[in-house]
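Right after this note come the structures.
Two complexes, one shared chain (subunit A), two partners (subunit B, subunit C).
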Partner chain A sequence: MTKTNEIPVAAQRRAGEPPESYFVPATDIYETADELVITADLPGIKPEGLSVTVEDNVLEIRGTLGAKAESPGEMLLQEFATGEFYRAFQLPADFDTDKIQAALKQGVLTVRLPKSERLRPRRIEVKIE
Partner chain B sequence: MPAATLASLREEMNDLLNRFWTGTAEPFGLAEWSPPLDVAETDEAIIVDVEVPGIDPATLDISVTGDVLTIRGEKHDQTGQEGRNYHRVERRYGSFTRSLTLPAQVEADKVDAKAHFGVLSIRLPKKDAARLRKVEIKAD
Partner chain C sequence: MAMIRGWVPAPGPFGELQREMNRVFDAVFGKQLGAAGRIRAGYVYPPMNVWETPDGYVVACEAPGLEMGDLEVYVAGDQLTVSGNRPGDIPENATLHRRERDSGHFSRAITLPGPVDSTKTEATLAEGVLVVRIPKAEEAKPKRVTVHLEG
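Right after this comes the complex of A and B.
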């Protein structure tokens, strides 16, 4: 009997649709003069288990935290969240979606969305007559 | 034995939660947080994994006293940095202490810890006396 190739579940779903059950990573969002920054705690998640997409001004963070690679023996306590995770944010318009950067460091995902020129604060000089 | 261990861990958790809710775990009114743990036991070792996202592993403090493992650390609060206007703060910051009564005696000087993708993994080898030994039954 030939084994059928398994297609990852996430790939079968249309973007913009959350998985059936998932956990929600803790996320901070802040704004500076030049960018909007989203940081999420994703301990144990490797880059290959993570997807960050922007479509129609919706930023989606999703992925899977699988079971540990090596069998750790008998589990005595299990507090880590496992399985699929999902988070979506509606972005205000006027972000330069081509310049979005995402980085994973020490279990923290940082997504940087540079503001388009129009959104940046402008200093208006007051002329003294 | 494993069932009893699990029960004692659960008790410890409940204690921790109770202390948290009654406020005795916050001596100076600073809400401490405690990172999630995964604890596993094999024939040779106890393996404790701790979620430490955003914490430099070099700043973590791990100690074993008797059969108690203590992990201390601090996640530096960056929310006060100038020029940042926060819309949402869900991540926990500040210092934490997490202690755990180990289910077996361990070789304290052979404890090994490494961090990978925001997870600290501590391997505590069991003392010889605590290891599982199979007793062969002799049949005539």
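Right after this comes the complex of A and C.
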């Protein structure tokens, strides 16, 4: 069993811009009738190294993967990077920011944005007269 | 220095050049390319980082979202094989807006630079990173030779 860590979604955006150099995590975005889901691969992530914020309909994911001092010996091959990552998405419409949930499991971040009532598909009852 | 066959080693002048190229590439394209900022040409999955210690080799492998049951790790001779299945996590009825995360079966083998003792291989999985520690074969470990003075 793996532990799922709930990450508090800060309401305010952290001051500043993207870091000077960063890498971009692979991300899936999909939509169901009830919610928009954003999934990002962040292998090696620790909850304290991650920040998820939403402001002005911009979802921002940033943080640091792995410490530079973690190298266990002489490096022979490097195919993936550690260090700062950053990604921001413009959300399509207003979501209830209080209801956004973010969870981390085995290096995968999942952000769930429930659609507001206004955005949900609605079945309209047709009255037969 | 030992080299992983078929791959450009990180240290040394060529590794330095590659890192410099990556820096330039990231600086120019990093922001525009999005996830493609990770160079996809010749992309191999899963990406690995390999280190050598006096006693063995440490291989770190990206495995986000995978459980130990999804992964198989073999050491045969001096070859390490990591294979598995990455289940997709997108529901069938969903509307896709963006898909960058790969799913499906994968297998990758690398040849380690020297003889190893496969019976003592340890593999751990934490936070979506698989770490395999493979000790060197006894004859490949550095030995301290005591010098006796004569006369």
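What we mean here is this: the second predicted complex is superposed on the first by the 109 of 129 C-alpha atoms of A that agree within 3 Å, B and C clash if a C-alpha of one lies under 4 Å from a C-alpha of the other, contacts with A are read in each partner's own complex, and residues count from 1 in each chain.
Convention: contacts are C-beta pairs under 8 Å (C-beta built on N, C-alpha and C of every residue); 3 or more make two chains touch, one makes a residue touch a chain.
Please read these numbers as outputs of a predicted model, since none were measured by experiment.
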item: Partner chain in contact with A:83 - subunit B first, subunit C second, else both or neither; value: neither
item: Touched partner set for A:31, first subunit B, second subunit C, both or neither; value: both
item: Partner chain(s) touched by A:107 [first = subunit B, second = subunit C, both, neither]; value: both
item: Touching partner for A:42 - first (subunit B), second (subunit C), both, neither; value: both
item: Partner chain(s) touched by A:21 [first = subunit B, second = subunit C, both, neither]; value: second
item: Residues of subunit A that lie at the interface with subunit B and also at the interface with subunit C; value: 26-32, 37, 39, 41-46, 72-80, 106-108
item: List of subunit B residues in touch with subunit A within their complex; value: 2, 5-6, 9, 13, 36-43, 47, 49, 51-57, 79, 83-92, 103, 115, 117-119
item: Interfacial residue positions of subunit A with respect to subunit C in the complex; value: 2, 18, 21-32, 36-37, 39, 41-46, 71-80, 105-108
item: Subunit A partner contacts - residues on subunit C that touch it in the complex; value: 1-4, 7-11, 15, 23, 26-27, 30-31, 33-35, 37-38, 44, 47-54, 57-58, 62-67, 89-91, 93-102, 110, 113, 125, 127-129
item: Residues of subunit A defined as touching subunit B within the complex; value: 26-33, 37, 39-46, 68, 72-81, 104, 106-108
